[in-house]
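Consider the two complexes below, in which chain A is the common component and chain B and chain C are the respective partners.
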Partner chain A sequence: MEYAIRTENLSKTYGKTFKALDSVSLQVSRGEVVGYVGPNGAGKTTTIKILTGLIRPTSGRAHVNDRDVVSNPRDALRSMGALIEVPGVYDYLTPHEMLTYFGRVYGMRRDVIDQRIKETLELVRLPDWEHKKTGAFSTGMLRRLAIAKAVLHRPDILILDEPVLGLDPKGIMEVREMIRQFRSEGMTVFLSSHLLSEVAEVCDSVIFLDKGKVVTSDSVEGIGRRVGHAVVDARFLHPLSPEEIGKLKDIDLIKGVDMKNSTARLQYDGTPETSAQILRLLVSLNLDVVSYAAEGVGLEEYYVSVMSDEKGVN
Partner chain B sequence: MAIDAVRMRNDLSESWLSLRFEMLKHLKRRRLFIVGALAIVVPLFFYVYFYQADPNAAVDFANMSLQFMNVLIVISAAMFAGDAVCGEFEKKTSLLIFPTPQRRSSIFVGKYAAAVMATFLVVSLYYVVLTLQIGQLFGWGEIPGALGKSFLTALIYSVAAVSVAFLISSLLKRSMSATIVSFLALLMILPIVQMLISVLDQEPWFIVTYSSGLITSVLGASSSLPMNPGGGTSGNEIQQFTPTLKTGIAVMVTWAIACLAAGMAIAVKKED
Partner chain C sequence: MMWALSDTWQVVLRDVRSRIRMPVFIFMNLFQPVLWLLLFTQIFKSLSGSVAGEGISYLDFFAPGVIVMTVLFGSAFAGMSTLMDMDSGVLSKMVATPVNRVSIITGRVLANVLVGLVQALIVFVVAAIMGVRVATGMPGVLLVLLLVALLGTGFAAFSNGLALLFKRTETVMATTNLLTMPLMFMSSMMMPSQALPDWLNTVRQFNPVDYAVVGVRNLVLYGYVWTDLWKSLLVLGAFAVVMVVFGTLMFGTRAE
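Right after this comes the complex of A and B.
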């Protein structure tokens, strides 16, 4: 099977002894949104820097679209967009000038570049800033501009390294919404993050990395099943009465209920079928459900259980 | 063979893109305007100075004005090439430009070529202003023929100076340090080494800054400052050397190639 991203025994050693990556082998299928999770220093960014040709592995191989990123970086990187850490910008240039250069780098025609600049700036909600110098941009705007650069050439594969780092809640929501949109367009997204809630919300599967090694990988639902339960937050129009809470607890599919104001955190087995059934039951009980969203608590519990120490995870 | 040709065409195309982008950056940062303004204003200063001093030969005027050329080239090289490599890593713009389908060597070749081109523009501007001044002061027929040779020598020294700054930029981490070190290396450190060698009665022919003396010496005047300003024969006179054209050019070209090759090798392998 042809994978969008594939690594074989990828290792990176700094100095003589520090192994940032230790024989990491992973596969990401086409169209999949994969979370790459681990504490700070686990090797997430090192993996991404190798995949994007920024650094060379000490040993092993990394393939993007079946092209070796070390021996054939031009072809490997052509169909990929990347947002790595917090990239700098040329603060004396405008988004138009900067993106025009990158459009040319990807071999796009002038008219296509102009059109795509408008589309991507619209996508990242910066349409009015096309001809303004980036020196005046906020952190969130710069991050969105970097995302615009990453998707300018309509890549098949998008690599995002901590895309919401340093963003305010609104910025975080916007980036998540963008990732969902990329997924709906069939893009393969490789998302490095240590925000488990973010991964739970947007990813199909998760790869756990610790101390340079892959600890485990599974689908988000599979991890929910491994933990034994997942959590969904149901928010109601009004705080529930004790009688209504009792009805919730009587539902067999719900393993536990934790009420806070008008929101109930409901534990269940983690399968989407059960989640859908619970929602139907809530509606049939005439409870006014305002929102219903899966949370990443199952992921968090699993994370804590598999990682050697928990530092750096939120 | 066909693959090599395609690869070379890709490399050239990427370097050309990088060169154009770098020139845009030099323009937008106003560096090109600032150094360009120096290239216009400084000859005017010499014009005023000359007018008071009233020398009697066009070649003296040219020689006097070109004393600044060395400094101008160094300023240009330091400003345009000083942050060519380390600037991308320091400001993390490397995270934008490197994960793209272009070879890192092509990007750096473009950046180096842009620094050379910007320095050429500044040097050319200086010579244009100087030529116009000589024409106006002495008449167009009095423009020294050796001025063309001086111009070519200045261009060759520009390439060498940019290469030195490029190497320093690939070795250091901070743009400001690289710019200052480039400036000091070409205006102080190498000239001091050159002077120390001269004190030992040896010709410092292999020092690139010594070869840069050709810019004025081809006009028929020595670029070296007198080491005994009183002019007396104290017994401590230092031998004055003047670079020969062939050796000087060979040394500048060697420095240009060696520093560029070393800088490029380091830049391509440089990691965060």
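Right after this comes the complex of A and C.
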């Protein structure tokens, strides 16, 4: 089983003419966290709906763990957890009741279900809400509950459709942390998102989709190289003097410097080696570096350069 | 096969649990049939004997019809909750699991039938308190429940199929209203067949509601009229099977 998710010439046509997906072939390796990005109407949700068995493709094939999701949905979906955009919970049921149902349809034993409910609610920081009706839950809590449902049966593939949609910054950070944790546990994550910074933060590679077709598929670093540069934000203890800024600009590895208060946005070639070298040089120049973080601007620039004009990112 | 049954059972449990959490809907559905039972039997009390037959009150005659009506109303609108689940994303969450597709629809239908049977039993109790006695005793009550369960299965599956076909609350509501009232009136629910015009007696031969009414009324009033009972069981059984096939087909092709 080389790939966790694999599609071959996947197409979906609505009506007679509208092609939501047009011969999409993609591969997601085991243990990889992949961002699936594109403008509204690009076909991201259609792909996810096919992978989760919600709709059938017009033509082509979709495999999850080498199981065809159309001809063998039961086996294909068993090893997968999915967070689909809408909350989809009865507000008069409790998380315990909702998760128990899903545990049963995944064929889990009752004692295992009870144990996993406790573990997953702990993971999504809802342990005190196990027996409270979901009607009182905020958007963020519902989203976290949906994540708990998605990982309840310990899937090895997780499909997340816009997991941070409608969440406040704290909620976004929490979801980001969870995705990192899933990755560290070896889970394959297929993440559809509008937030390129989110994708750059947590994903190993990115698939760009536009008008139902795959435009590019590459690692996050690879995309940075395609753009010609990536960006790293270096924050210093104090705002830099003009002399110090001059020293930064003199570093060959840095292609451009954009100062804002005590933060320098440094353009470089996007390779991790260069990023590490730049950090060493900053330290050797006796600059007090407080933080040093790669940003997703490379993705944004690439996105703008390859996507068609008539649709824009949210 | 076993996993399909297990999946169906899980869907039934979940659906029944969610309905129990909203008991107001169970009792709302009961309001109209109980009102018919209480008011109609008083309004038409003077027809006792002349309409229903020697020594039979209009209450005795009409109560079986109200039991059928209870299940009819409860099941004919079953598709509305499917539409609500589609809109809220609950249905998507169910489909995106390994649960058998057919089980999703059959589980929902069976849960609806179970609730309908509880409602029918409540109407039975009200009727018994008002003085109705079942000629066939407890076995007859069980056969009554079987008949209305078949009717309920057919209409709940039909309603779910309709909901998936149209996917619009207004359309499903209008179509269901358009069907249930005529089906009720074009049967012997309120008047015996002898009192109905010829054309209505012809039409009711094609009305599954009438087969349920005839079957239930015989069991409550007259005892085991085997010819009618077998006919009712066969017609209602066939109706249930055809409608479950329709609902399942709609789910397979339209639940996107």
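Basically, the second predicted complex is superposed on the first by the 309 of 314 C-alpha atoms of A that agree within 3 Å, B and C clash if a C-alpha of one lies under 4 Å from a C-alpha of the other, contacts with A are read in each partner's own complex, and residues count from 1 in each chain.
In this section, a residue touches a chain if its C-beta (ideal position, glycine included) is under 8 Å from a C-beta of that chain, and two chains touch if they have at least 3 such contacts.
What you see is a predicted model, and the numbers here were worked out from it, not measured in a lab.
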| item | value |
| --- | --- |
| Joint occupancy of chain A by chain B and chain C, clash or fit | clash |
| Which of chain B and chain C A:L99 touches, first, second, both or neither | neither |
| Chain B versus chain C as contact partner of A:I55, first or second or both or neither | both |
| Touching partner for A:V175 - first (chain B), second (chain C), both, neither | neither |
| Which of chain B and chain C A:I207 touches, first, second, both or neither | neither |
| Partner chain in contact with A:I223 - chain B first, chain C second, else both or neither | neither |
| Chain B versus chain C as contact partner of A:I147, first or second or both or neither | neither |
| Residues of chain A that lie at the interface with chain B and also at the interface with chain C | 49, 52-55, 73-75, 77-78, 82, 84-90, 92-93, 97, 101-102, 104-106, 149 |
| Chain C residues touching chain A - in the complex, by the definition given at the top | 3, 7, 10, 13-14, 17-18, 21-22, 88-101, 256 |
| Interface residues, chain A side, partner chain C - complex | 49, 52-56, 73-75, 77-78, 82, 84-90, 92-93, 97, 101-102, 104-107, 149 |
| Of chain B, residues touching chain A in the complex | 10, 14, 17, 21, 24-25, 28-29, 91-96, 98-103, 271-272 |
| Residues of chain A defined as touching chain B within the complex | 49, 52-55, 73-78, 80, 82, 84-90, 92-93, 97, 101-102, 104-106, 146, 149 |
